[in-house]
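Each chain carries a letter (A, B, C, D, E, F, G and H) given by its place in the written order, and its residues are counted from 1.
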Amino acid sequence: MEGKVLVAVFMGSDSDLPVMKGAVDVLAELGIRAEVHISSAHRTPERTAELVREAEAKGVEVIIAGAGMAAHLPGVIAAFTVLPVIGVPISSGSLQGVDALYAIAQMPPGVPVATVAINGARNAGILAAQILSGRYPEIREKLRRMREKMAQGVVEKDKLLQEKGIEGFMAK
Amino acid sequence: MEGKVLVAVFMGSDSDLPVMKGAVDVLAELGIRAEVHISSAHRTPERTAELVREAEAKGVEVIIAGAGMAAHLPGVIAAFTVLPVIGVPISSGSLQGVDALYAIAQMPPGVPVATVAINGARNAGILAAQILSGRYPEIREKLRRMREKMAQGVVEKDKLLQEKGIEGFMAK
Amino acid sequence: MEGKVLVAVFMGSDSDLPVMKGAVDVLAELGIRAEVHISSAHRTPERTAELVREAEAKGVEVIIAGAGMAAHLPGVIAAFTVLPVIGVPISSGSLQGVDALYAIAQMPPGVPVATVAINGARNAGILAAQILSGRYPEIREKLRRMREKMAQGVVEKDKLLQEKGIEGFMAK
Amino acid sequence: MEGKVLVAVFMGSDSDLPVMKGAVDVLAELGIRAEVHISSAHRTPERTAELVREAEAKGVEVIIAGAGMAAHLPGVIAAFTVLPVIGVPISSGSLQGVDALYAIAQMPPGVPVATVAINGARNAGILAAQILSGRYPEIREKLRRMREKMAQGVVEKDKLLQEKGIEGFMAK
Amino acid sequence: MEGKVLVAVFMGSDSDLPVMKGAVDVLAELGIRAEVHISSAHRTPERTAELVREAEAKGVEVIIAGAGMAAHLPGVIAAFTVLPVIGVPISSGSLQGVDALYAIAQMPPGVPVATVAINGARNAGILAAQILSGRYPEIREKLRRMREKMAQGVVEKDKLLQEKGIEGFMAK
Amino acid sequence: MEGKVLVAVFMGSDSDLPVMKGAVDVLAELGIRAEVHISSAHRTPERTAELVREAEAKGVEVIIAGAGMAAHLPGVIAAFTVLPVIGVPISSGSLQGVDALYAIAQMPPGVPVATVAINGARNAGILAAQILSGRYPEIREKLRRMREKMAQGVVEKDKLLQEKGIEGFMAK
Amino acid sequence: MEGKVLVAVFMGSDSDLPVMKGAVDVLAELGIRAEVHISSAHRTPERTAELVREAEAKGVEVIIAGAGMAAHLPGVIAAFTVLPVIGVPISSGSLQGVDALYAIAQMPPGVPVATVAINGARNAGILAAQILSGRYPEIREKLRRMREKMAQGVVEKDKLLQEKGIEGFMAK
Amino acid sequence: MEGKVLVAVFMGSDSDLPVMKGAVDVLAELGIRAEVHISSAHRTPERTAELVREAEAKGVEVIIAGAGMAAHLPGVIAAFTVLPVIGVPISSGSLQGVDALYAIAQMPPGVPVATVAINGARNAGILAAQILSGRYPEIREKLRRMREKMAQGVVEKDKLLQEKGIEGFMAK
């Protein structure tokens, strides 16, 4: 997997970048190269299809797509590829992401999108790594270490809480 | 407008036909010719784009699209044309059409879909006729007569209710 | 269409003006003249009906109406005309526009309202232009150019992102 | 109050009659005369306004209005009168009355509608009687007796349950 | 009605006072005397029942009760009286008043609560006045004038908008 | 605990009996005596208070209350006692128990109700037993055995599934 | 109960501490000792199970667990013990606690969680005390005094309101 | 991949089998071997952990888990492995799967679950195949053929519709 771009991250608008950065960041932590594109299901439908085909041709193995409101981008991408597509519902506007959650998760039979939590871009990145780990065992190892570190973080916080008590802990 | 197909009605699956028939029927009542297509945003994305372009080329002036669940079809069609697109959220599955309503109405700025009620295919047909009536005054006249007939229907039912009373009316 | 007022924009309260301005602005960008009225379905029902009839008499071809909460204005206007009526649900109060979305979209058979996204006034303006473009081909041309410009904007942002990377892009 | 029609019950469609009958029935039990009308906010807006004005002229003191979906009828009626208007959200279509509840309860400042439960027509009738009882003390007396009878019914059922046990009670 | 307290306004907590003040204020505008009580359905159930009985004994004719979250106060009060009870759902906590709306509107058959909009205390006051106007014709007259003034306010704003245009109006 | 009634089960209407029976049945399986009452928060508020006080006086240690719609009964009971009160939201009417879930769970600070799932009467019974098991160790033992039996049931079903395969298992 | 730890309070993350402190504080007011742990259902599942077993071995009699989003912690803990488990849905992220409320309350038959209001940690503490009061009568006495004090607080506020009027009261 | 079990499908109860069968069936169509287990997050938590570890040891590469209501199973499984876990929200009880959708999708950072539509077991199977196809190119080929066949199915239905018209098509 050296140097190869394995994941493509799409979003429909640059306003989604602060959320979607979470996916790119965790992939970088895990040593996985990703390309990132702004391309809209509604404003640039053909270019989106093209970018998906190019990504597939280049060897991308997982696609992550984030979208808000009537969030069509993940489903539209899934329509153009049989690669696994992960969808990130983005909270925006009055419905605060419920609209995006429904529009991404409720895909019809035949064309799935792997949906994560609203604004859950970090988990989208981890899920992409889990998917890649079937073929790249070194990623699985890194995921295990990341999980252990997370667990240690929780255990250490609990230890600190036992030592300092609630007020002491909260004051830190 | 004689003989010309002015409206194209799309749905993603033949299971949507019993609902979407409502649009075709009211267009027929108003003397407006429509073509009807089964074509999916997710299963046949390119053919959908093609059919939209063909419809536009043929002189279709309004498009109606019905879809359930993560209802992308109306938005996907709207991405390929600047013709007015009317979306019909179809009730199906556990969320009973709320998912489809959100996925159709909550379109991002730049690419509107004119959304009607859940399962509101008849109103989609009437709305298409209202849109066409800007160019075809004979349709506006027919819409006025349809409205008057509807009003008369309500008035007559009220009259019957006054004559027969509730029990009598309900027994009829 | 020179100089003629083709669209009437209604809202029930001047507090809706900052949202509804989005419709007027996009119509102006497209060279379409619009008149704007504050008139309430509940506080001035008769005047609302009168204004609708006057608009129709003057040659207005599309009506846009925005309303929040138990948003009756678009439906009440639709009851007085067979012109196409576009409804904009406005987010206000505790339910943040879901109440308005339901109260506008869920119209009964016979009297449709073309509903756009919550606070989607810009899309209401574009939809009005799409409707008018059946009769005024120059508007269709303008809509195509607007769509192309939007697409270019997305493509340019993607290009910038490829050049600068995420941090660079976000820093700009 | 002898013989005078004190309550007017409106509904937009005869399909609402089975629900709305609950209001008429309880008013009859309480000896209160009511007139019943089918008149639609959207299909017969002017006639609805007329019927409201006639009702007010005839001495009607409370209006009950039932409606489903984008339930505008109670609010539209409230716009034409300062009489107290009671709204009954009717469950119909995919949203099962939540749309109607929001469209009736969420009225803007200045024009209230007294909203009862979804399909709560019986309670609308009782509320109308409570309102009338300010002027007609004999109605207040009847309401007290109705309340006592209801209480007795509950107490008797509890007694029966104590005697027979759950199985015995359910077998009855 | 000179000098008599005709309305009692209840709330469960002094944190509801800023919202519920809206009811008291509009009653004062209409010349209707009201008493106001903080008394909780859950913290002081017996005192609440007592205050309701005292209010009834004193000649109070309408009760308004505001409550948030699992808003039981209006229903609990309605259980102790056959006077008309108006419920105001108050937005508080994570569910922002939807919980309160359901807990107030969805009363079981036999014990209605006249529900207004979330935080709709002003409308609760107007509804109380509408109820009282059956017995006190001078209140009906005042309600009519208030309605006219509201209508004039809307008409004047529209006139100003026509004169100044949107920018001018918004700059004012 | 021999022979003593330790749990009181309340419901507002005999229509809740088929659901609430689930609580009584599981208590019987665990050898815990319960009394059952139909008594309404709205129709018989004083009697409800009385029955709660009697139950407390008799030595009842846990109260279970089931209610639908604007489900006030559990909260009203909790207002009259400091015994632990378990609330069962019952699905009834158009909102299918969401209204009851909110009206029971969202209690204000100071007066908690231990809420279980919609129609979760069996779990209410088990929770009552868990509460009692602090004082009655034999109940804790029975709960452990019940849990083990449940676990065995799952394990056995899995074993059967492994033996027969899906079709075989489903045919049984 | 002198000195013994009777309640264990769990949360999955230290970000839940400001909310969950409400439970610990009210337990302290009632003289009940509690231990507090940060331990995650997903990040440290085995340690969570271990801590639950240790708590049970040490004599803890009630467990309180708070969690946000797909709030599994209370249910996961309930799976490892037959002690009563109280769940606190914590408002976090776009769904503002509705997700947590559903994920905690809607437990399957056999493994109940006693759910309180969203962010209702104080009520979780009081409910724990109510549960303990079956075995420790001194706690019941304290709960009664706390309830009385709460009632007095309400009564005093009402008295102040009668003296000062609304403006005076709000100015204080 | 010959003969090796690559996917493990879990469900908490045999009542979920009719839905979850959809995943197993599509995996079989694609020539992918799966094992199926009934094991509950709440009733058999330790056995569930054990089965997950066994599956991982045996070489299972993707896990699918279906659950209804407070659907913890997918998240609980994800806590025990870094393999990709696909969650299927199952519609059951009053909330009809919304509770399960939230409880599965809204996982906290660090432990993702790939969520599909409510009752979307078939899509869970296809997603599992897409994930496996990174390592097993023959699966990717099969997925492409399945997608093409789906597309052909849609195209053929459209052709039939053009030939027969709506009535003819529906009569078939």
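Simple rule for what comes next: contacts are C-beta pairs under 8 Å (C-beta built on N, C-alpha and C of every residue); 3 or more make two chains touch, one makes a residue touch a chain.
Computed from a prediction, not measured in an experiment: that's the story for all the values here.
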What are the chains that subunit C and subunit D both touch? B, E
I'd like to verify one number: the distance from the centre of subunit B to the centre of subunit D, where each centre is the average of its C-alpha atoms, in whole angstrom. 34
Geometric centre distance via CA averages, subunit H-subunit C, whole Å: 41
Whole-Å gap separating subunit A and subunit H, where each centre is the average of the chain's CA atoms: 19
Return the residues of subunit F touching two or more other chains; collapse runs of consecutive numbers into ranges. 12-13, 40, 43, 69-70, 93, 95-96, 98, 105-108, 110-111, 117-118, 147, 150
A full list of chain pairs that touch reads A-B, A-C, A-G, A-H, B-C, B-D, B-H, C-D, C-E, D-E, D-F, E-F, E-G, F-G, F-H, G-H
Subunit H residues touching subunit B in their complex are 91, 96-98, 117-119, 147, 150-151, 153-155, 157-158, 161, 166, 169-170
Subunit F-touching residues of subunit G, taken from the complex the two chains share: 61-62, 82-84, 86, 101, 105-118, 120, 122-124, 126-127, 130-135, 140, 143-144, 146-147, 150
As the complex stands, subunit E meets subunit G at residues 12-14, 17-18, 21, 24, 36-40, 43-44, 47, 69-70, 93-96
Residue ranges of subunit C in contact with subunit D within the complex: 12-13, 40-43, 45-46, 49, 68-72, 75-76, 78-80, 93, 95, 98-99, 102-108, 110-111
